[in-house]
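In the two complexes below, chain A is the common chain; its partner is chain B in one and chain C in the other.
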Partner chain A sequence: MKDSTNITLTPPRRASQHAGLKLWLSPGIWITLLLVLLVGLLPVITGNAATREVIFTMLLSVVLATNLNIILGYTGYVSFGHVVFFGIGGYTGLFMLSQYNAPIWLALFAGGLVAGTLAFLVGKAILRLRGAYFALATIGINEAMRAFVGNFPPFGAATGISLNFGIYQDYGGAAQALWMTYILLLGLALFSVILSYLIKTSKFGLSLLTIREDEDAAEVIGVTTPNAKTWSYVISAIIPGMVGVLFFFKNGNIEPAEAFRLNTSIETIVMVMLGGQGTVLGPVLGAAGYQRLRGFLLTNPLFKDIQLSVAGLLLLLIILFIPSGAVGWLRKRFPRLRKVLQ
Partner chain B sequence: MMLQVKNITKRFGGLQALSNVSFDLPEGQILGLIGPNGAGKTTLFNVINGVYTPDEGQVIFRGKNVTGKKPYHLAHLGMARTHQIVRPLNELSVRENVMAGSCFGRENRILREAYEIAEEVINFVGLETRIDQLAGSLNVAQKKRLEMARALAARPYLLLLDEVLAGLNPSEIFQMVETIRKIREQEITIIMIEHVMHAVMNVSDRIFVLDYGSQIAEGTPSEIANDQKVIEAYLGDPKLAQKLMDHLD
Partner chain C sequence: MEFNLAKILPFLIDGLLIGFVYGIAAMGMTLIWGVMKVINLAHGAIIALGSFFVYLLFVGPFQLHPYISLLLVIPIGLLFGMLIYFLSIHRVINAPYLSTLLATFSVNMIIIGLGTAQFSTTPRAIDFSLGTFHFGSITVLGTRLFAAGAAVVLTAALYLFLFKTTPGKFVRAVANNRAAAELMGIPSSRILALSFGLGTMLAAVSGGLIATFFPFTILSGGTYQLKSFVIGVLGGLGDPLGALLGGLILGALEGLIPFYMGTSWVPVVEFVMFVLILLVMPKGLFGAKK
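Then we have the complex of A and B:
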């Protein structure tokens, strides 16, 4: 401690020098947005449907990973069954589309709303659990939802919901509808990245990071932890619910095993961990990288049956050797990159 | 009255951690809380700032009954504390740690204001050269200053200091005591748990002594130093008894 310390000794430096506060000038967000935009526009420019399908899968992962990162990377709660929001959103959307002939935007809205509401109710109940108990509870919620939907007649029980092919006529035919779905997904991916960045650099985000670092200390500091945790869980659920609608709208049908596939959850966790939990860029890189790897493995005769084992092995290696993921590792190794890699 | 603790009893299973503890703390004073290891000092802090709910008794903070309120309620009302075992937010920078105190404490500042307050407070505790480092990279003495800065950034009415001098070397202790005096000049009321006798005796207006969860004495430092019961309680702990005797000389 200095002898001459005085509480008003030095005039504070300009607040805008803080990387986190000059929101729109930070290169971190632009790098991530440009990356998503460039890759996302690739099929639009070339007009190639095959490229579009590859990038569609990639963008879907970007959305799931980026949103999972809000609860997993920022708040520090491992949501193992996060696919439940994707599934319930998809079911809600297809129910609206098939039963009420709702327009796609309304179905999207409903899917997001139901996923968010489910997260709110579930969060109130299970966010008081910590660590492995919370992770187990989220798996339980996913399995319970799968069992419930599989026996719920309005959702078609075990056979699920199939869309009438005629529904695509409203959007100028099936080919047009696929392009529209793709553009909507790209929009949601960009929005997810912006949202993730805004949260990270906000006061709300600081409360989440505080909880992640030490929840008991956060309470003592004054973070209203139950609210912060619940809202971060709700936010992380809404957009996955919306892309659930898009995915199954494109698919034409939805069934319980497909909607609540636990593997999807695990793979999303691998993506977030691979790229770097708690960063904006990390989940995007992780999603793209993992999907590239998966594409390679699925087309390789040696690996095609064991591609999930590779995901498991990858997760193990990340946790053992680079627990902060690629972006986190780079930030630690090269502190100068901190300003650039958010 | 800043704080009134009334007949607090806290049990953990069969263990009576606190029995019938009461004291009043007027505004602007420093209360030293001493007692042998396991006397219940930190438990009393935990009851005061809402980490534990007492089995019996009441905590009145600035005229308001806050018994059973959560720690974050108390933080919003203007209570801040440091921990005996430091709890830095390791993966956040020193600045962000202190900003959290300002953002979520009594003043509920927005980020931009918190940013500037953090800078002032970090200068005040002398961590300005570490401001952009990760909290996890600090040494213990620095982490203690960081905890103090985080608590001060909330601009609390009442500050609970849990062994901020433990593990510091003599010159660090001297500097920390100076800092505590300066905090008092800002009209912040302080309760400090401390084992470093000469420091707590020097800086406190009153001393409160706990032993086996019960109050055994309360008074000015010189009254406490001459209290037969206090000396007896410390005889179980020769090192501390020696320190107390040193103070008498």
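Then we have the complex of A and C:
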């Protein structure tokens, strides 16, 4: 009896405030943030455009993998067609830019909004499916969207949307626009990492992790699973929608086959798996590592032609022998690192 | 747009004949899913390999008749599938399904990577014809008629195997309840490998049949793999006969839809239908009867 009164006497709010402060002192978040920031600032410091292009691809993957990890790693739902949000965001943004001459920040906002809304509507329906059925449904959504956009005249149907080159003049010319796009992407990458960490350490994140472990048990202990699942899906869709705008703004044009490429989705899953799903650092490491490897294989004369096969073989070996990914493996192998590697 | 049967019928029949071939590819996918709950993402790559096998023997020094090559595809496809199973899936068969999805995807990457390096992605076609057949006002390509016939024979053979032979009964037992089957002394690993081999064989045969009337590249299997998903869901995942019927439905739709809207709307209808059926009837169109 005495024990139970003790528990009720502890003011819960103070405890959580304390935890809130601790959150920001935890090394887990700083390691990841500093890693992204340092690599991201590299081209800004050197002013080298070639480095910038390399890091741009890497940061793009970091954003996609980190956000996919929210639904895949935390909630445990394998969204196989996640590229649909990247694509629809890109289309929305380019539509606004080309038709209404909208400023880039408005296009970014619209891209995120449409991606989030789509995730909400689709999620309400398909998050009732479990396991492989959900994965198949997300593939179906992506393919349906790709086919639909290819027939949708406002989005340029099969030819897509091309930006007028003059649009870059508003941002001080094409060279300046590229740098601005890069800085915006770096900002979104840092924001994704912070968001991922905040979710993981929040009560909401805890309910997601519970769903991942056992959805029925989560429901029994009071998690409103449909809402939690839908919101995690929506959150994981918004920033990919925004970087879709950035990517295709930089690209200058968008077409269905490129915007909704199913392989992009699967590659993103691979990155999350490589680094370690359900961790904050994992997707970042996985994305950077995968792109480094791809770059190496593509430029290596021995592997150039068969880079896809070599990547496939490595992936197979990792799935067979290190299924929890790099961070998961480190955490298991060196328990002391668990405090540091989130 | 009025409903003109005489105009529509040739397209409907053409669609149905192709539907048989889609059905075979989907049957392989659905068999693998039904027995071991694995979605085989290497299915498309194997379909393309089937096409290339028949093509290479046809243009090579042997100039082998495509239908003789198809007979060779059956044992080779079976062994190849068993090899894939033991190399990539066996270790993760009990892991969460994401592992098997990615394991088969990595096999897909390996095949596509080597295939692209070896064959590039220029479209190939087998210059081969069985002429045309006339039924009243309807003209049918001989190769498609043969493909449909082969599909029916293959389906019948698969059912005979599954229901009349001991290994077939083992396959069904493992699909039904693997743990119980193991307790009865059924060598489940070998049966899983056999099932994966059968699924792979069906994919490869469908690829070989496709090669006799459509041009193809190493990447074109991806389209048929997506169609297999749609068909598998239409017919109920895990139900081989449902897959054949689903293939016919999809083929008929592909024949008919262009009458009412542009051909480019076909995939929109297919995939919207796919998602709706997953949501409303996850057991497939014919699932209710069982």
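Definition applied: the second predicted complex is superposed on the first by the 306 of 342 C-alpha atoms of A that agree within 3 Å, B and C clash if a C-alpha of one lies under 4 Å from a C-alpha of the other, contacts with A are read in each partner's own complex, and residues count from 1 in each chain.
Rule of thumb we're sticking to: contacts are C-beta pairs under 8 Å (C-beta built on N, C-alpha and C of every residue); 3 or more make two chains touch, one makes a residue touch a chain.
Because the structure is a prediction, the values reported are computed rather than measured.
Colleague: After lining up the shared chain so the two structures overlap, which partner does A:T210 touch, if you call chain B first and chain C second: first, second, both or neither?
Modeller: first
Colleague: By the touch definition at the top of the document, which applies to A:N151: first (chain B), second (chain C), both, or neither?
Modeller: Second partner only, chain C.
Colleague: Just to be sure I read the superposition right, which of the two partners does A:G222 touch: chain B = first, chain C = second, or both, or neither?
Modeller: A:G222: touches chain B, not chain C.
Colleague: Figure out whether A:R336 sits in contact with chain B (first) or chain C (second), or with both, or with neither.
Modeller: Touch partners of A:R336: none, neither chain B nor chain C.
Colleague: Quick one: classify A:S202 as touching chain B (first), chain C (second), both or neither.
Modeller: first
Colleague: Which residues form the common part of the chain A surface touched by chain B and by chain C?
Modeller: The overlap between the chain B and chain C interfaces on chain A is empty, containing no residue.
Colleague: Residue numbers of chain B touching chain A in their complex, please.
Modeller: Spelled out, the residues of chain B in touch with chain A are 49, 51, 70-72, 75-76, 81, 83, 87-92, 95-96, 99-101, 103-106, 110-112, 114-116, 119-121, 123-126, 145, 150, 154, 172, 175-176, 178-179, 182, 186.
Colleague: Where on chain A does chain C make contact in their complex?
Modeller: 78, 80, 125-126, 128-129, 131-133, 135-137, 139-141, 143-144, 146-148, 150-151, 158, 266, 269-270, 273, 305-313, 315-316, 319-320, 323
Colleague: Once bound in the complex, which stretches of chain A touch chain B?
Modeller: Interface residues on the chain A side: 1-3, 5-10, 12-13, 15, 18, 20-21, 202-203, 206-207, 209-210, 212-214, 216-225, 278.
Colleague: Any idea which chain C residues touch chain A in the complex?
Modeller: For this pair, the touching residues of chain C are 33, 37, 39, 41, 88, 91-92, 95, 97-99, 101-103, 105-114, 116-117, 226, 229-230, 233, 262, 264-268, 270-272, 274-275, 278-279, 282.
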